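Presented below are the structures under discussion, each in the form of structure tokens.
Okay, so subunit A shows up in both of these, paired with subunit B first and subunit C after.
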Partner chain A sequence: MIRFILLQNRQGKTRLAKYYIPLEDSEKHRVEYEVHRLVVNRDPKFTNFVEFRSHKVIYRRYAGLFFSLCVDITDNELAYLESIHLFVEILDHFFSNVCELDLVFNFHKVYLILDEFILAGELQETSKKAIIERMGELEKQD
Partner chain B sequence: MSGTPSLMESLFQRTLDDLIKGLRLHTPTTTPSLSAFISKSLTEIRRELTSTTASTKSTALLKLLYLHSLHSISASFATFHVIELSSSPASKPLAYLAASLLFDSTTDVLLLLTNQLRKDLNSTITREVSLALNALSVIANQDLARDLTGDLFVLLNSSKVFLRKKAILCLIRVFDKYPDSVRVCFKRLVENLESRDEGVVSAVVGVFCEMAKVDPRAYLPLAPEFFRVLVESRNNWILIKVLKIFARLVPLEGRLGKKVVEPICEHLRRTGAKSLVFECVRTIFGCLSEYDVAVNVAMEKVREFLMDDDPNLRYLGLQALSTVAPKHLWAIQENKEFVIRALSDADVNIRFEALTLLMAMVCEDNVVEICRVLVTYALKSDPEFCNEILGSILSVCSKNYYEVVVDFDWYISLLGDMSRIVHCQKGEEIEDQLIDIGMRVRDVRSTLVRVSRQLLIDPALLGNPFVHRILCAAAWVSGEYVEFSKNPIELIEALLQPRTSLLPPLIRAVYIQSAFKVLAFCLHCFLFRKDVTFSFLLGSLSEEITTGSSDRLRNAPSGDSDGDGSYYPRSTLEETEYDIAGNGEAAGSSHVHTPLASSKSTKSTGDSIRHILNIVETTLGPLSGSNDVEILERVRNILGLVMMIKQEFLGTSSQEGDDNQGNNNNASKIINLMHEAFSEELGPVSISAQEKVPIPDGVVLKQDLEDLDLIYGDIKLPLSSSFSLVKRHSLENDSILTLENYRKDESETEGKPTALSEHRKRHGLYYLPLERKETSDDYPPANDPTVQDNINADTENLAKLTEQSLVFKKKANTKPRPVVVKLDDGDSRSILPKKQEPKDDLVSDAVRDVLRGNEAEPSSSSTAKEPDRASSKRGKEKALVDGSGDPLRIESSRSRDKSSRSKHHRQNKEKKDGSPETGKAKSSSRHGTRRSKNRAEGSANIAVQSPVIPDFLL
Partner chain C sequence: MEQLQKIGRELAMASSQGQSKEFQDLIKSIGEARSKSEEDRIILSEIETLKARITQPDIPKRKLKEFILRLVYIEMLGHDASFGYIHAVKMTHDENLSLKRTGYLAVTLFLNEDHDLIILIVNTIQKDLKSDNYLVVCAALNAVCRLINEETIPAVLPQVVELLSHGKEAVRKKAVMALHRFYQRAPSSVSHLVANFRKKLCDNDPGVMGATLCPLFDLITIDVTSYKDLVVSFVSILKQIAERRLPKSYDYHQMPAPFIQIKLLKILAVLGNGDKRASEQMYMIVGDIMKKCDSTSNIGNAVLYESICCATSIHPNSKLLGSAADAISKFLKSDSHNLKYLGIDTLGRLIKINPEIAEQHQLAVIDCLEDPDDTLKRKTFELLYKMTKSSNVEVIVDRMIDYMINISDNHYKTEIASRCVELAEQFAPSNQWFIQTMNKVFEHAGDLVNIKVAHNLMRLIAEGFGEDDADADSQLRSSAVESYLRIVGEPKLPSAFLQLICWVLGEYGTVDGKYSATYITGKLCDAAEAHATDDTVKAYAISALMKIYTFEIAAGRKVDMLPECQSFIEDLLASSSTDLQQRAYELQAVIGLDPQTVANVMPMDASCEDIEIDKSLAFLNGYVQEAFEKGAQPYIPESDRSGNGSVGHYRGQEQHEVSSHALRFEAYELPKPVVPTISTPVTVATSNELVPVPEPSYQTEVRRPVSSGHDLGSAELKLRLDGVQRKWGRSTYSSTTSSNSVSDYNKTQDGATLRDVVGSANSKSPGTVKQQQPEVPPEKQKLAASLFGGTLKSEKRAPSAATKGSKANIHAAEKFQIARANSADVTAIKTASQSLPDLLDLGEPSVSTRTETVDPFKQLEGLIDEDKTPAQGLEGVDVPKAPDVMSLYADLTPSSDTPFSTSEGLANAASQNGHGGNTKANTAHQMSKGPNLKDALEKDALARQVGVNPTIRNPNLFSDLLG
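Here is the complex of A and B:
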């Protein structure tokens, strides 16, 4: 199960944070700080997995943005690594060539996309096409 | 009146974009500063939230959300406005987003959302349903879960697939918060497993995967359904999740393994998706490792992983190996080149994994070689990994009372070498082991003393604070086992050298106490065992002068470069030695040695004693005014002894070595007593020894140590970046052990507290760990770690050695393993099984009940009065339940009737005993198998656990 998903830039500014487990606000900030510190200095040649407390963080870097997923220690690393990429593809498609500023100015839409992708810590849709269609419907109705 | 301002507001309201641009313009240093800008915006937002126009409100909320999620501004004041906005269709998405971001289960206005959620869940507009489900999956608390279970239940059959998916996933949260909802929704959840839509199946499998983590046994009856998914599905995501479920079920039911191993191998051969391959491999290694065919197929894939360029795959390959290592050691052996190569990988994760694997290979035949190569690796590694290597060597070698160590002489020397590694921060562990081995292994004490001497006489080591703990142990060992020392005089000099001022006071106190012991030993020898010991003393002394000064020659350059006065002791050292050797003229250069000691005379022995006393007096005299009580006390003790000896013994019979008359005086009696006290052997103490001590009356002991949290509250937790993959050696036990040991020691030495016991008392349990900071001491390291071997050579070495050691299982040992003292009851390190959360039990109990209800024979139910109860409690749900089929209702009611339930168990159990084995007929009749399994596993288990289900509906 996904514990939380974080989008952070290289400076450690959180661009998106969604927690699927209840955490205190102060704890969230600590988690964000620690995860950023864990991933930011890792070489691209390193593995994309880092142990984090009793869980593990699967992360991927896209330009200056780190997408980090915290999952259980028994979860399948490769599958979640793929799902990060899928999420990025969806964002890329939705914002057509996404950049960090898109995510900043449309942060609420990013949350909506994420909700179509992951629910209650589980992947609910693995088809990029389906999610994009769903988002199209939501946009239309807005 | 309110019309104009709201119009004004909506016209001139800042949008989210304005806010973000504003935030980007302001930094903490500009005027107005960022915080001023934020607080100004917050004031605006507060005002706008009270506006009557929905659009103004929602813009304000959006801005607030931005500030909350990216600038961590508290937004609790807006919760009620969120509820307000949730009813307006246009701002619904925003309101639900805000709810999921701002609310938690303690938010007081949460219940106000119940009706809106219910309305939206039943809405005909799919968008609204979807939004409500999104929110519910995050914010559901017990009340919401209870009130909305019925609505979710309807959605589980929704014709719109994506809504059904969401509803299913929502159940994870709802089940968790309100376990009784399982009774309502479980049947439909299982039905959805047969859906043709992959997404739905994926969602259901995801839910089960999550639920089975808590108590997999409850889900055994569903194994046939999962099996069908495993065989039929081609969706990698579903397969991964199903494999995870089976990984939990197979260990509970052996026959299941036989059943699933073939399909899993099938997937393994067929698929190209690495994630699925890895999951299959992990499942096989984890719970199907007795099926050789499967293991072989999996090993092939692992080898591909290990050879891959992608570090992720290499890492996972190593990880897979380490799961299979305990059962199939050959798996590592076959891939040892990869493992060893991985030791020098760039990524620290991979290195750690390789280290773990390598340590898993250790046995008594290869421990020497593996440790040797690892130590050379440690010398070349960065400090963190170096210490990881040292830590794992220490923990593996000391495991189970040094099980793998045959040659303790080697191990002690290894510990000595490790102490000299520059990055070594394992002082505490090495200290514990040196003392522990000293107490447990009698035969190794002479080596221990020799190694300790080498550590003690090296002034360079005193400059490294990480080594201080080891030196402490060395000093203690030298004092305790001084009878093995070849040259006690040199020992005293080493213990009292001026650079000991660099030691922390408590360790210095140990030094002084050890010097005290050595002095007592020398005096005792001098007085009582003259014939034997003096030849020994002096004979070895002359040897030591040669070796000792060659040591010194080696160290001389470092001493020169230091120039902080540490050279001074050496010159005195030399003088003394020449005096001792009876070579009064003090030969001009220290390089020339004429060991004249063979011409031993009583005069020189008397002189040597006098010299010892002089050294003690001159070095410790200044300390008699020390501020530290530990040092002060010990210095006073030893000075007192010196004074007494000088007056009573050497003073009277001074000029001549003829001192027979001294034998009967006070001093010799005291020396004798002291010697007896010190020669009392210290042994290891059982861990449970403490329990055997009766608690004195009037002492109130707390059950748990919660107060410790207060004490330790300000100690920082270890940084998560420096995580360790290797389990720490159980140091706590050891330190308790030694601590108690010293308590015993105290009582044995007639209430005289030894320095070490004092020191341990502070260091062992309540002493804060030493500051782990890089200290730059200008004194050069004792042992320069410039090892020239290149990695390849080591790699080859290690590869060779593993080959040897694994092929030749038994090597002829040149010497027998010495006896290691163990205490029988010391082994019992019981770990209390972790208690399960009561809530989790509720979920799996409910699942069990539902499953049992599905399969139950009609004869075993007593449901006469139940439908009424259910109907009166459930209200709306009841109709749905009725529609969906009987078993559910029978089920939900039966659990309430405990007596009938336990009777039912007994019946089931009896039936189970008599029932024929139906396992092999599985493929033909799935339901038959399920039933038998259900009876075999589920019911027996329930009978054992007999859980209590509090009835939320009563």
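Here is the complex of A and C:
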């Protein structure tokens, strides 16, 4: 199960944070700080997985943004690594050529996309088409 | 000019629909803040503005929505926006879908499931779940997954169940997830509904079916047997997916619905575990999937990995395991760290079934062990842990300890320390080694290991090996004493270790007569004084002192107490800890006794003797009788007392009370109780019937004699040996001497060595050997040998295969060659891998290193240039140096540009060889989409009009994430 998902830039600024487990605010700050420290200086040829307390963080860097997923120790690392990529592909589709700036100004939309992709800590929909269509319908309502 | 500006602004507005200038300025100023404190200042003033404005009457709805989003933004940056929560809650009540959704989004981000405001939302959720607009229902279900807790589940459960058969697949899917969430929160609340999950497995929408796999996986993990009938269904679903019968939209990088495949394989792994019949139904499809996996893409390897996990979990099938082994060796030979990691992981799974397989991969494993990547290293330690046996335990544990010393992460340190202990206990080749190893573990991680470990060690030293070899036992003790005397003076020893040291010195310090009582007691006092704040250590120390003095007295020698011991005891006599005081007084009292009594009270080396305990306290019968006659009440054991006797009982009651006070969500007009938990009657506690506890004085008097009768001094330190598992000892200890060897295949008969077993195993591996490759460093060879039972060492220890006698030499030679070649391969791969940065993550173009003053337009132009640079750089560049340069790159060395892009160029070239799946995928992606320069330029223009410029701090703001 996914514990949380974080989008952070190289300076550690949180661009998006979604927690699927209840955490205290202070704990969230610590988690964000620690995860950033874990991933930011890792050699790019190293594995994309880092142990984090009793879980593991799967992260991937896109331009200046780090996408980090915290999952259970028994989860399939590579599959979650690819789910990050799928998420980015969806974002890319939605924003057409997504860049960090899109996410900065439209963080609420990113949240909505995320809610279609992951629910209750599990991947709920893995079809890019289905998600893009749903978002299209939601956009129409605005 | 003004008009132009206006157009620009409008364009910018369009880019982030409907946000006011104010909001964009906020985001912009945060983006440009140069320090955390500046950012905090901006946010604080923003909070003030919002506080003032959000409460104003008649704010337009649109504006209010933006305020809520601003609150979300504030929270995201780590500030408290709780003043606005109520407005977010109110927004969920709104009729307008867009506002409602924003409200739900905000509350799911703001509130935890036990927040007070949830009550206000539940009602809205109930209403929205019944809405005709499925988008409203979806929004409500999203909130259900996040906000409904055990107490409020009953309020929404009937509706959620109803939604399982909603017309829209999106609703059904979310309803399944919500039900799964309920199941995780409170299994009992939905236990009568689990049949629904089975039904939903047959849903005709693949998304719903895929979502159903999550709860089913949980259910099956808990109770395998009741789901065996589903094996057929899962297998057939998997088959359909593999045959690409699912809609194309579920394909990901040319794999058919890989995420669903993975989930199914996970489920099959559980269902087939230890069940031959079920497993037989799976062999075919799992084998098929393994064959079909595209091993050049990440996702293909993810599926492959999962199918290997499945194959190693279900009842073994040689064909499947064969292809698993092939896949594993491909993983291990890969130059991607991620794949190596998976290789090590799966190797660990496979060696449980087939222990010999590790030997083929020894050099790859050693490379991973020495890799600078901690994640990979730890995974490799995990593997080593699984393949430890008595022949390689020394090397493995030594490595683990070396690594343990250098890490600061306490969580992992604890784990690796306890593993060291476990392995040492199981496989220790000699007492000496065992004690030294334990010393190291204690010295560096003493506070992290379970105190039981220290107790186990004490027990081991006290009991010896249980064989009638008194010499060996006393030798063990002497060596322990000796090593502890050496260590005890060191600063900063962990408490548990000091306790152990004190105990051993007290029991055995003077036994062999090598050290005088004065010397030992001096050391003990020093240790206690050096840790003046640790009462436990002091207690151990003074008890040790007592033992040494009494042994002296019993042996008829005169006790000559050192002045420092004297003062130590005096300190404790006045200690604020009653325990220490008592020990000190007891010491004084015992020293004053005559030798005969002392020898009886504190017998030498008697820590293993059983102490007779009169549990029924029969010797007090007379006293009790007397008390009865005087009219005392009989004692009622605690467990028999009614009322809130046991904690468990008490808690049960509390729960009842909670549920009876729980909120009622059903309307008042409906009288019949819907929820079973609510209707259970609460039995009022019979707390008044508590039987009076016997007077305290009586109790203490009963206990007193016991403690003073048996427990004097040493007994207080006595270990509770019963119930502690005996881990170390006979079986493995003797394995080096007796023929009862653990590993049958390295038995010896006529001098042939283990090496040839390895050799023959190795010679089977693919014969394409490049002889001209450079040699493996000798220390690596040695390590391989000692880990996998190879050359040097095994010759001495040399249990070995009988049949190979005559061929031994040939094999040995062969082995050596192959080892050389193998490692050469590995090194070759290694150099290659050094020059290959992960392609997908190459997003950080070299240009950005020198952006400080550069115009973003230039940057974009730079992006084009970059394509050319690699080509020039290809020749004559010192490839292995690239990683160093990359690390330098962080320091923004001006010269870093060329080599960096060169390595990228190399990587591009290498991608044609099919390395790394993401490479291919990415290039494909680029072909279809391409880094669209025009788009990027437009976007940049927009951004400029909004007024956002890339700052020094984040030059990447504009780069395409997928570029």
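Following the convention adopted for this analysis, the second predicted complex is superposed on the first by the 142 of 142 C-alpha atoms of A that agree within 3 Å, B and C clash if a C-alpha of one lies under 4 Å from a C-alpha of the other, contacts with A are read in each partner's own complex, and residues count from 1 in each chain.
One rule holds in what follows: contacts are C-beta pairs under 8 Å (C-beta built on N, C-alpha and C of every residue); 3 or more make two chains touch, one makes a residue touch a chain.
Here the structure is a predicted model, which is why all the values come from computation and not from measurement.
In the superposed model, A:65 lies in contact with subunit C only, and not with subunit B. Touch criterion met: A:91 reaches subunit C, while subunit B stays clear of it. By the touch criterion defined above, A:34 reaches subunit B but does not reach subunit C. Of the two partner chains placed by superposition, subunit B and subunit C are both touched by A:49. When the two complexes are overlaid, the chain among subunit B and subunit C that reaches more residues of subunit A is C. Of the two partner chains placed by superposition, subunit B and subunit C are both touched by A:138.
Contacts of A:119 after superposition: both subunit B and subunit C are touched. Annotation: subunit A residues 13-14, 16-17, 20, 22, 25, 29, 43, 45-51, 53, 76-79, 81-82, 104-105, 107-108, 111-112, 115, 119-120, 122-127, 130, 134, 137-138, 141-142 touch subunit B in one complex and subunit C in the other.
On the subunit C side of its complex with subunit A, the touching residues are 15-19, 24, 27, 31, 69, 72-73, 76-78, 80, 97-98, 101-102, 105, 108-109, 112-114, 135, 142, 145-146, 170, 173-174, 177-178, 180-181, 184, 206-207, 210-211, 214, 247, 249-250, 252-253, 257-260, 262, 266, 298-299, 301-303, 305-306, 309, 337-338, 340-342, 372-376, 378, 409, 411-412, 833-834, 836-838, 840-841, 843-844, 848, 883, 886-887, 890, 918, 925, 929, 932, 935-936, 939, 943, 948, 953-963. Taken together, the subunit A residues at the contact with subunit C in this complex read 9-11, 13-14, 16-18, 20, 22, 25, 28-29, 32, 41, 43-51, 53-54, 60-65, 76-79, 81-83, 85-86, 88-89, 91-92, 96-102, 104-108, 111-112, 115, 119-120, 122-130, 134, 137-138, 141-142. By the touch criterion stated above, subunit A contacts subunit B in their complex at residues 1, 13-17, 20, 22, 25, 29, 34, 37-38, 43, 45-53, 72, 74, 76-79, 81-82, 104-105, 107-108, 111-112, 115, 119-127, 130, 134, 137-138, 141-142.
Subunit B meets subunit A in the complex at residues 16-17, 20, 62, 65-66, 69-70, 72, 74, 93-94, 97, 101, 104-105, 127, 133-134, 137-138, 162, 165-166, 169-170, 172-173, 199, 202-203, 206-207, 210, 213, 235-237, 240, 244, 247, 274-275, 278-279, 311-312, 314-316, 346-350, 720-721, 723, 725.
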